[in-house]
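When the chains are written out, they are named A, B, C, D, E and F in that same order, and each has its own residue count from 1.
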Amino acid sequence: MKLVTAIIKPFKLEDVRSALMDLGLQGLTVTEVKGYGRQKGHTEIYRGAEYAVNFLPKIKVEVVVPSSAADKVVEAIVRTARTGQIGDGKIFVTPVEHAVRVRTGETDDSAI
Amino acid sequence: MTERTPRRLAVMAVAALLTCVASAAALAADAPTPNKGDTAWMLTASALVLVMTVPGLALFYGGLVRTKNMLSMLMQVFYTLCVVCILWVLFGYSLAFTEGGAFNAYVGGLSKAFLAGVTADSTVETFTDGVVIPELAYIAFQMTFAAITPALIVGALAERMKFSAIALFIPLWATLVYFPIAHMVWYWAGPGATIAAAKALAAAAADAKAAAQIEVDKVAANAGLIFQWGAIDFAGGTVVHINAGIAGLVGCLVLGKRVGYGREAMPPHSLTMCLIGAGLLWFGWFGFNAGSALEAGGTAALAMVNTFVATAAAALAWLFVEFLLKGKPSLLGGASGAVAGLVAVTPAAGFAGPMGAVVLGLVAGVVCLIFVDKIKNAFGYDDALDVFGVHCIGGITGAIGTAIVAAPAFGGTGIFDYAAGKVGDYNMTAQLVNQAYAVGLTLLWSGVVTLVLLILVKLIVGLRPGIDQEREGLDLVDHGERAYNY
Amino acid sequence: MTERTPRRLAVMAVAALLTCVASAAALAADAPTPNKGDTAWMLTASALVLVMTVPGLALFYGGLVRTKNMLSMLMQVFYTLCVVCILWVLFGYSLAFTEGGAFNAYVGGLSKAFLAGVTADSTVETFTDGVVIPELAYIAFQMTFAAITPALIVGALAERMKFSAIALFIPLWATLVYFPIAHMVWYWAGPGATIAAAKALAAAAADAKAAAQIEVDKVAANAGLIFQWGAIDFAGGTVVHINAGIAGLVGCLVLGKRVGYGREAMPPHSLTMCLIGAGLLWFGWFGFNAGSALEAGGTAALAMVNTFVATAAAALAWLFVEFLLKGKPSLLGGASGAVAGLVAVTPAAGFAGPMGAVVLGLVAGVVCLIFVDKIKNAFGYDDALDVFGVHCIGGITGAIGTAIVAAPAFGGTGIFDYAAGKVGDYNMTAQLVNQAYAVGLTLLWSGVVTLVLLILVKLIVGLRPGIDQEREGLDLVDHGERAYNY
Amino acid sequence: MTERTPRRLAVMAVAALLTCVASAAALAADAPTPNKGDTAWMLTASALVLVMTVPGLALFYGGLVRTKNMLSMLMQVFYTLCVVCILWVLFGYSLAFTEGGAFNAYVGGLSKAFLAGVTADSTVETFTDGVVIPELAYIAFQMTFAAITPALIVGALAERMKFSAIALFIPLWATLVYFPIAHMVWYWAGPGATIAAAKALAAAAADAKAAAQIEVDKVAANAGLIFQWGAIDFAGGTVVHINAGIAGLVGCLVLGKRVGYGREAMPPHSLTMCLIGAGLLWFGWFGFNAGSALEAGGTAALAMVNTFVATAAAALAWLFVEFLLKGKPSLLGGASGAVAGLVAVTPAAGFAGPMGAVVLGLVAGVVCLIFVDKIKNAFGYDDALDVFGVHCIGGITGAIGTAIVAAPAFGGTGIFDYAAGKVGDYNMTAQLVNQAYAVGLTLLWSGVVTLVLLILVKLIVGLRPGIDQEREGLDLVDHGERAYNY
Amino acid sequence: MKLVTAIIKPFKLEDVRSALMDLGLQGLTVTEVKGYGRQKGHTEIYRGAEYAVNFLPKIKVEVVVPSSAADKVVEAIVRTARTGQIGDGKIFVTPVEHAVRVRTGETDDSAI
Amino acid sequence: MKLVTAIIKPFKLEDVRSALMDLGLQGLTVTEVKGYGRQKGHTEIYRGAEYAVNFLPKIKVEVVVPSSAADKVVEAIVRTARTGQIGDGKIFVTPVEHAVRVRTGETDDSAI
């Protein structure tokens, strides 16, 4: 299996989620993260003090899929998460050796 | 004072009664009784000033610190309120508002310590001859002033002073700085004695003039030093704001900067809380300023209108200049401007006309903004929540400005001359000098004593927590709690 | 008016005095002086309406927007308060409450611009002949009304209107909509002149009747158009709520929907803040409604009780219907119902009996719920915080309902006939018509002028930020700050 | 009562008038009219008690629960306020404050159900003979007391009682517990009748004495049971706090512990909200206590000062003992102490001298701390927000303590003897017994009826949600909303 | 070494933690995440607007363990995190090539 | 490529970030996490109730880098995140099979 991790713009989450569901996936996990990258941040001023904020709010989507499905998933995310502007994010694919469903104890492909 | 006219009428009405039944009138004359309208207003005003402190000031300050120090800020303000309330009834009121014998120019005596002799029937004079309010209402009202003043200081010491140090410093400061300054600025013999002496002098036969004059001088001398100088401070610009502001500056200089100051970002953790606080400050300030008229009359109404417009003007001024300088007007700017305006109008509230108050507000907004945004950074000291920049600078602007906007020529009320029984001729230069003296003495007294007290406290319990502790935040270190557990 | 009885007594007491000392009484008659109880209450009421706006309304609205726009909402309400306060003392008060010459039916004049001639001794008549309050207290009180009305509008424009556009729109709206409408509804010659003219007519000899009648008509004609029509609005259902509500509707139609409206979830970021705001609104509304009696008497007490029960009834009605429709009563529903009840009882506060107020509240709760939950969705416009649904619909319900609950037959007070010196016969149909006219004119005037102003503002600075900016949120885009940095 | 002196003067003034024009005075004598100062203060006090409940109490409680139950806590307090307001005008006021015929010792009648016969001109007697206030002001003021009392209970039931159960329980409790207890403690014939009867007795010829005595007894007997016993409760220590506190204890015992209690951490989700609530409680409590004087006079001022210092003293006591026991004074401790002090001074507010109030506060702070921190844990019941520990224990401390601090010997005012027209001789032991009886009956009545009602409610709708639902939190389960969506 | 990642129900964290400590582990890292899956969410209604909330609060536990210990760890988590109801969560095992303790610079097994 | 995951003390984030930028990296993702380990927590007391808080706030830094750069990156983090006191944190290196830049679709090394 593979763990597909995507860092995307927050308002794209809903589109990405439904695209993945259309691929027949049944679950995923999201985390609110802050991203630093080419996309420039903004400046905040509080009275005399000026702060450059480089970290922008992003959403991290993690989904574990059968190895076979990885490419379709990546492609679906790229398609739905893209706005074409700097800051659209990244997708990383990493290997997963083993998966278990806590409720049933089922393992691997049948666990996800 | 604008209660003149009504008063004269009242007097004449009483006169009418006199012609009917001497006894009743006589009695009434002996013991003037409070007008329930005045009492109702003073009770309301006292409650308003409490809410101005907690939660008002606590939130205004708390919203500006980082999450990890929110609770400590709330605690420091809350503690200050509580401890000063108790000191006030134990001896504070007496030190501020009783005759102080040899030291009367500087501080009162202990004749009313523990509120000795004060009952629900006791009354005190207002600024109008023959008009009194229950002494307990006056005690409650002034108590809130004594409580909020030291609470203002903690904003300058925010995020880095141990609670144990605060707990020690506050009562000492209230006792050695606030009570004396309040006495110096506000204590006097009252209208009754003043007028009586003046009348006596007028009536005195040629040979008795000298004696009568001596009496007049005695009465005039029975007042705090700054009051004797002739400085005016309607609701406490000097006593409260300059006083606390300079103490804050000295405090943050003695303490030094917060760990990470200038390197780490320290944005306000909740401008929402800050705005709630600002709103409640404004709300409570109506009690603070309009209540200082001590009567529910035209002067109180004037003070209220001025407290509306000076505040609004200062907020708009701050927002506009921010817009010019940075392109973006900010909520923190608006709130800071509002407070600057409130501070500046405090000494002028009952003396300025509405248009004078607007101008005063505009000036205060700009002056404080420039000081807080530019000058402070130039000096580079860490006045965490700009207590000096807003309260002291704003207070000085107001104290000096009062001499100008109080001028009848500029729509002000002028100053009532009790001896003459009417508003006296207004000498602006003289008044400016008086105000300057008041400001100077307050800066000196408060600055020096604060320095001494902090050194003392440092020796006893120390001032700052360890670096790691400061990093972890005062909430956990001092109080073992967190402000939020979402 | 319920001050009758006390007043008559007072008058007789004065009469008593007269027999003793003409002079005193004479003088008293010439210049009635404010009762300090009334003044105390009016000062308190003014402070209450401030807290109703900031932080009250600011939090009620702010809690309902998304985190990224919280600060902008607070800012817009705060700015509105400040700018209108200043306009008010510059010319607003004069435009609303002075004689307007040729245009008197629509707007006042500039005779009191810059509060010219207003001193701490100036007084204005209340609704009771011979009873006055300090004019500055009245100015402060009415100032808060002028400030909160435009602030209500911004709720409909929330999360998508540039601050620069708001900053331009608000002062224009206050000047061209609020001041005139307030004049049309509330400006009149006052009890003194009215009664004097009526007395003169009664006393006039047969041949002088005609002349006297002309005088009576002149006095009656010296009032705003809607007042002349005989419409009643105790505390501003028409002037404040319908007026702001329709402006909100026009505004959100001109602006268009928020980016993502209907597709993205836009839950309130903090119902806690919303509830704090609702509580402070209720609290402040006591000043708003009970203060509108302009005296601390039975009518004020009646208005207060009505403001308690109508609000409670509307909240319960909303909760109950929600329970029936969705199975779950919600806090937002309860708070919305409370505001709907407050809005609806505003015009009726001093006219309805408590039971009438309860019924009015129940009706308003149900009507507004249905409108906000169902009808609005049917139309599909994006009135972000339901300003139209709650304030305009609730206001109309109240304005019309007032004609019913004010009826003595239904426990109302009826309407006092100054000429007759007693409550007049009550004609409900006639009153319903008067109220309908008032509503109609307000909808028309406010709707049209608002439309024109927004188009104007659009041409000058534009109304909406870019899509990406709107996504990022107005807090950062307009103000460079964030409401929270936890 | 401290209104004596002013009153006597007033009377003499009237006497003066009498000699001039009988008619006027006569009329005045027949129908005393409210002093506008008193009315202004009572209106203000009523508004203050509203803000004390919402948002005050709602936030104090809400801040202490976990995020997932915040909204439900706000809702329960808000709902309670609304539903009790309505019950109050329907029949509550009548049950509490009218003559109850056969059951008069326990509950009033229905003669004023729907506020029948109450108009804006109706007045009620205060504690001073001949001084009245508008009945509607009194109704509004007492309404707020009726509303906050049941709202106090929900703190003990927090985080685990279904809203449907609350919705049913609250109105029943108000009707069967609050209204009767309020009647028992506060209902009496009033000063007028009391003094008249006493005068008649004094004046009666030897043979008429017996009859006159009977009349005196009749008047004395026209009062609630606890009032007849001679127990004193200035502002509701018994009626409000002991009453709600014991109901809370019974409630949490019937409900059982929260899921995870003792195992999972349940820290307050926002001590910031808790402190805002505490501040608003203090603010509102001035209306609660000082308003209970029913006049804007010295007694109100005394109550206000006491409400300042007892609260401050209790907070400091709690903080200091915490410091001794745990080394860290906490904000929650300070807030809890403040509330404990407010509760304890409530029955004593107008009877104690300031120093007595300080001592009472210190004692209450320590007693409640020990109870909440130690004794409660020993018993191990889950009084979620310590309603019993603070309100009942603090209330008992206050009720008993009042007998001590009210003693003139300890600077108290003593108890006014209307028959004698002066403060009577003070018998502390007797008073202690009276107070103990009052406490006992309240504990018994409230405890038993609460138990019965909860069992009833359990049968009808059940008390608790399912375990999973409780885990998910009442906000989503009962109301389908979340307090925060950051 | 292996990185064991478990998505569990929040109120189970304490049990899982102590179970892992009983196995002799000395540290772990947790993150608040939102999970989408078979477990159905709830609906929130704000005035007229109704929102279906599909993402439920979950806790992500990450613990790096010696390869040998992986199975024991997985088994312990399954045992303690299970309620038997939908939404109990998943466990994923992924390879870790290298580990370092910042404080000491110790590496791999001795770093954890 | 490698995913370097570092758990560090929050106030060290800024130093770590700039150190990584100095190495020429252009992006990274951070998450607020809670850590349990040797570093002891604190106790919170609310009225009678006492809670031992074992989870301390930490920052998780995730950065995907070319395999060749992994060691330099780890070394840089160790250097900048170290205070020498317990709780400084850990660094884990895991393999990444595939990376995509959403905006452009670029893959692998050129995607990061």
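Rule of thumb we're sticking to: contacts are C-beta pairs under 8 Å (C-beta built on N, C-alpha and C of every residue); 3 or more make two chains touch, one makes a residue touch a chain.
A quick note: this is a predicted structure, and the numbers were derived from the prediction, not measured.
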item	value
Contacts common to subunit B and subunit C (chain labels)	A, D
Same or different residue numbers at the subunit B/subunit D copy interface, by half rule	different
Winner on C-beta contact pairs when A-C is weighed against E-F	E-F
Centre-of-Cα separation between subunit E and subunit A, whole angstrom	18
Subunit D and subunit F, separation of their C-alpha mean positions in angstrom	56
Distance from the mean Cα position of subunit E to that of subunit D, given in whole angstrom	51
Per-residue multi-chain contacts in subunit E, two or more chains	31, 44-46, 94-95
Contacts with 2+ other chains: residues of subunit B	17, 20, 35-38, 40-41, 44, 267-268, 276, 326, 328, 330, 332, 480-482, 484, 486
Chain contact graph, described as a line, ring, star, complete graph or other shape	other
Inter-chain touch pairs (all)	A-B, A-C, A-E, A-F, B-C, B-D, B-F, C-D, C-E, D-E, D-F, E-F
Of subunit E, residues touching subunit A in the complex	2, 6-8, 31-38, 54-55, 58, 60, 70, 74, 77-78, 81-95
Of all residues in subunit B, those that touch subunit D in their complex	17, 20-21, 23-25, 27-28, 31, 33-44, 46-47, 50-51, 54-56, 58-59, 62, 70-71, 74-75, 78-79, 81-83, 85-86, 89, 114-115, 118-122, 134-137, 139-140, 143, 163, 273, 276, 478-486
Interfacial residue positions of subunit B with respect to subunit A in the complex	265-268, 326, 328, 330, 332-333, 336, 372-374, 376-377, 386
Subunit C partner contacts - residues on subunit A that touch it in the complex	11, 14, 42-46
Subunit F residues touching subunit A - in the complex, by the definition given at the top	3, 17, 26-31, 64, 94-103, 105, 111-112
